[in-house]
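Order of writing sets the chain letters: A, B, C and D. Residues in each chain are counted from 1.
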Amino acid sequence: MSSPATIKELMAVVLARELEDGDHLQVGVALPVPEVAVRLAHIMHGPNMQLIFLGARMNVHHLESIPLPDFGWDSRSVRWAESYSDRGHRFDQVKDWHKRVFFVGGLQVDKFGNINLIGVGNDPKKLKFRGPASVGTPTLTTHVGRYYIVLNNHSSRVLVPKCDYVSAVGWHKGGSDSRKELGIPGGGPKLCVTPLCVMDFTDVEKRMRLVSLHPGVTLGEVKANTGFELVIPDIVPTTAMPTHDELTILRSRIDLNGLLRSG
Amino acid sequence: MSNQVRKSVILREEEAGQWVQSGMTIAIGEPAPMGLLRWVVRNKVTDLTVIGSGLALDYLVAAGCVRKVITYYAGSPDIAVMPAFRSEVENGTLEVWECEEGILTSGLEAAGKGLPFMPWRGGVGTSLPDINTDLKVMCDPIGGEVLIAVPSINIDITLLHASISDSYGNVQHCRGTGWLDLFLYRAAERVIVQVEKIVSNEEIRSKPWETTISNADGVVLLPYGAHPFYSRGYYVQDQEHILNYLDAIKVAYTKSNRNEKDDYFEKYCNRFHSHAEYLDALGAGHLISLSEY
Amino acid sequence: MSSPATIKELMAVVLARELEDGDHLQVGVALPVPEVAVRLAHIMHGPNMQLIFLGARMNVHHLESIPLPDFGWDSRSVRWAESYSDRGHRFDQVKDWHKRVFFVGGLQVDKFGNINLIGVGNDPKKLKFRGPASVGTPTLTTHVGRYYIVLNNHSSRVLVPKCDYVSAVGWHKGGSDSRKELGIPGGGPKLCVTPLCVMDFTDVEKRMRLVSLHPGVTLGEVKANTGFELVIPDIVPTTAMPTHDELTILRSRIDLNGLLRSG
Amino acid sequence: MSNQVRKSVILREEEAGQWVQSGMTIAIGEPAPMGLLRWVVRNKVTDLTVIGSGLALDYLVAAGCVRKVITYYAGSPDIAVMPAFRSEVENGTLEVWECEEGILTSGLEAAGKGLPFMPWRGGVGTSLPDINTDLKVMCDPIGGEVLIAVPSINIDITLLHASISDSYGNVQHCRGTGWLDLFLYRAAERVIVQVEKIVSNEEIRSKPWETTISNADGVVLLPYGAHPFYSRGYYVQDQEHILNYLDAIKVAYTKSNRNEKDDYFEKYCNRFHSHAEYLDALGAGHLISLSEY
């Protein structure tokens, strides 16, 4: 219990602190870090949060423990549900998604937070690397109040000058009006959290900017592993480590099998 | 960890009544949430735009609450055209957003989906786009077919009746929802649901697949609140009461003598300060008789 | 039981004979004649028919009696349901409505079977007579396999040269291609049944044509009460009266309170 | 009166299997109707266009049945991209109709509604309309907003798994339907539903509000038919089996040695002449263990 926080645990805590009571939290597939984050926030400070997993909507603030499932496809993960969105239609009420917060990964992410889940290569008919496809990210990132980009690795192959294909529009070609000009109403990407650092987007240009470096990470390391020019503020703090309470809850009441402690 | 607790959305009936303000666009589900509508009448709300149909719509028109209706049907199986609706439209004092069921549904869907419009085929070749110029005849961008573009229909408050809810706004319409209820809910800024019972959150969780509305902004406990209409699994419609109402309104509007109407509203709505008083006046015996299928 | 069939009973039998096993039968509101007709056909020859009332879908061929409700708004009329269309969306599957048969009335009907339920008068903002509005007839008549126009009275105020407003398109401005040209796929109106006669539509022009006169009705009477020129074939038979079986079933197993015997 | 009786739509599993013919467009619901899909594989059907996602989609691709996929997601929580899908696309042997959930749903809705297209906002500004030229960027005819026109997606046969049905095709997905099941049903020319149980018509009528599909063209009794996936209220997924499958496919495609894959299909599909034989091979003890929540 007393071993220091791993990078993934740190990332989860960074995200958990971003979440506000009342948020409706939808986590995309295969993103264990946000899956832990939303549970942690819900326990710590979110009695009115709603968690949306596999189409089920739940508020489990009353539970002592909100464990991660052993298996991503475990149909039992919806056992806490108050409603299933399959009854109505999950896309029939996007109007209310301004309350919703989403988390998304990417094969490629550019400096304006545009994301590619389609694939890598020049010929879309014969990709060099075929991705898993866009899931619901185009629609979700269009409408949700805000979203977080969460990457499993920080490399210049992922953080690229230009995505080969765009699945989800972030700040498009840059500028705080860029989403409005496209007519896409959601609040856009707020942070990009990686194993090396936390980044946000500048106010006017909406270019990706370093916010904090994780403990032990150097600025040079971040620059060397980012495929575009990152905005670097004068002062770059170190990402605040999890508190004792945060880490205790995370490990003893959520990540029971230590998914974020390994790898 | 936090000292905060999950917020209840239960409203007292009089609070819920206050949410509906003159000039708003409101929608009425099926069965009509009559307990809430009686507050709208009692509070002398005016100039509403109302999305509804049939008798409940006519009730609000007769009570003087309505400036404009969005409706596909203002008749009933027992009377060709609703009397207050008919009279007010023929006098030019009530505006109609002329439509039909598929068009109305499309406009509501557009609102729920955050889209400016939805295409619909029903209505092509009819007078609807001529009468209602908000409807635009369009060519589909794929194959050039002629369709009707229905603009999104946005609602300030939707008022619904359902079976049960927990205190957090998880509503279950047991035994099916009214036709348009979920569309009216999704198109609305806020929704208030009056329910027969408020149940534990555990009861909701025991059958989450039955939850029809997961985030009602307000729920109000109004047992028998759909009276004189039915509530599936609870009571059937009060046929005698409905026919009495129709008679009163018909007489009032045919004779251009509105005493009958005023009497009706006084007798069945305005003199009561609460839903419980209304039920007392109906009497327990009468209410019990409505629960006999 | 042995009193002769009334005109309404006759109309119901005419319609019942039109219906084929496997039809999905949807009756609009306030149309007791078709309400009886679909029940009669279902009992007589329709084990695979589906009746659609108030959004509920039912097959009640196994019942001895399928009585009309006392009260049009009786929520108990759906007690035989196998499904409620409110669950999904009643307009989400119009694709399959080619199996569906519909019945519709009208304030006005023209010679091409166009129908008006909106109102009468020049100014749509201030109608001389305000109708009940179009209900779902524009969508239903656009898509159903075929439909029947059923009128409570046959007069030149109802059967007019031109509807003041069109709620539901029949054969539009005439011609067997007229619906196709508009892009509305359903099969259009098949018959118009009134208290005086049965009418259909000519093959090419799709003008309303007399098919049969009800017993005791003269051709002159029909002409005098029709506001447009009806196509009159050389031979106009008398509408075949209900058989003993038909009338017995209609009265003893459907119209228990004699709704079609009165008025 | 008539001597006719109401027709049953119950199909034997092998009959149902025959409905799916090479070259058709089929759709797969959730949980995947594996019992039916095993017949598709066993019958060596080829050149299908398949609307589906995740593992079940990859299963048909790996089995060689598929020419084109319409999918929003070919990954899984446990593996970034499905191996057969990935390999076939990278080799240029599998066509992808690139889309996303909202766009797919819109195209299915258009088909169900008999419309040539539906507008959708999600995807505006992305590469989707560039890659998939069936998607047209359009201006809405009301306010001129830029949207995507999604053409209707029509399906020859939709294959679903559900809890129960009567013999007339009244299907109830107890405890909720899969996300897209009802959209896939409405967009299809025909639908076959495999069910855990066939129940009396009276059982369906006792809760008509739970009927999710009222006119299935065929129903097939295949208890445990969603194996290795879950069936709500009946059994949970067979985690070990799923991971075994993923391993076999991953190895087959990474090593460009397809013996592993062939072994898998032989062992778990091709050698059986019926679903019952498949279940026998799994063993009663194993099946019972999956019913422990």
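The definition used in the following text is that contacts are C-beta pairs under 8 Å (C-beta built on N, C-alpha and C of every residue); 3 or more make two chains touch, one makes a residue touch a chain.
Bear in mind that the values here come from a model prediction, so they are computed numbers and not experimental data.
Participant: Using the contact definition stated above, find the chains touching both subunit B and subunit C.
Facilitator: D
Participant: So how far apart, in whole Å, are subunit B and subunit D when each is placed at the average of its C-alpha atoms?
Facilitator: That pair's centroid distance is 38 Å.
Participant: For subunit A and subunit D, what's the span in angstrom between their mean Cα positions?
Facilitator: The answer is 29 Å.
Participant: Multi-chain contacts only, two chains or more: what residues does subunit B have there?
Facilitator: 113-114, 120-121, 145, 147, 176, 208-209
Participant: Taking each residue of subunit C in turn, which ones touch at least two of the other chains?
Facilitator: 84, 87, 91, 94, 143, in rising order.
Participant: Taking all chains into account, which pairs touch?
Facilitator: A-B, A-D, B-C, B-D, C-D
Participant: Quick check: in the complex, which residue numbers of subunit B touch subunit A?
Facilitator: Checking each residue of subunit B against subunit A gives 1-2, 4-7, 109, 111-114, 166, 168, 170, 182, 186-187, 201, 204-205, 208-212, 214-215.
Participant: Contact residues on subunit B for subunit D in the complex?
Facilitator: Listed in rising order, the residues of subunit B that touch subunit D are 113-121, 136, 138, 140-143, 145, 147, 149, 151, 174-176, 207-209.
Participant: What does subunit D use to touch subunit A in their complex?
Facilitator: 31, 71-78, 80-82, 85-86, 89-92, 95-96, 98-103, 105, 120-128, 130-131, 145-147, 176-179, 181, 183, 229-230, 232, 236-237, 239, 242, 293
Participant: In the complex of these two chains, what residues of subunit C are touching subunit B?
Facilitator: Per the stated touch rule, the residues are 29-30, 55, 70-76, 84-87, 89-91, 94, 118-119, 124-140, 142-143, 165-169, 172, 182-184.
Participant: Can you name the residues of subunit A that touch subunit B in the complex?
Facilitator: By the definition above, subunit A touches subunit B via 21, 43-48, 50, 56-57, 59, 61-62, 78, 80-84, 87-88, 91-97, 143, 185, 245, 249.
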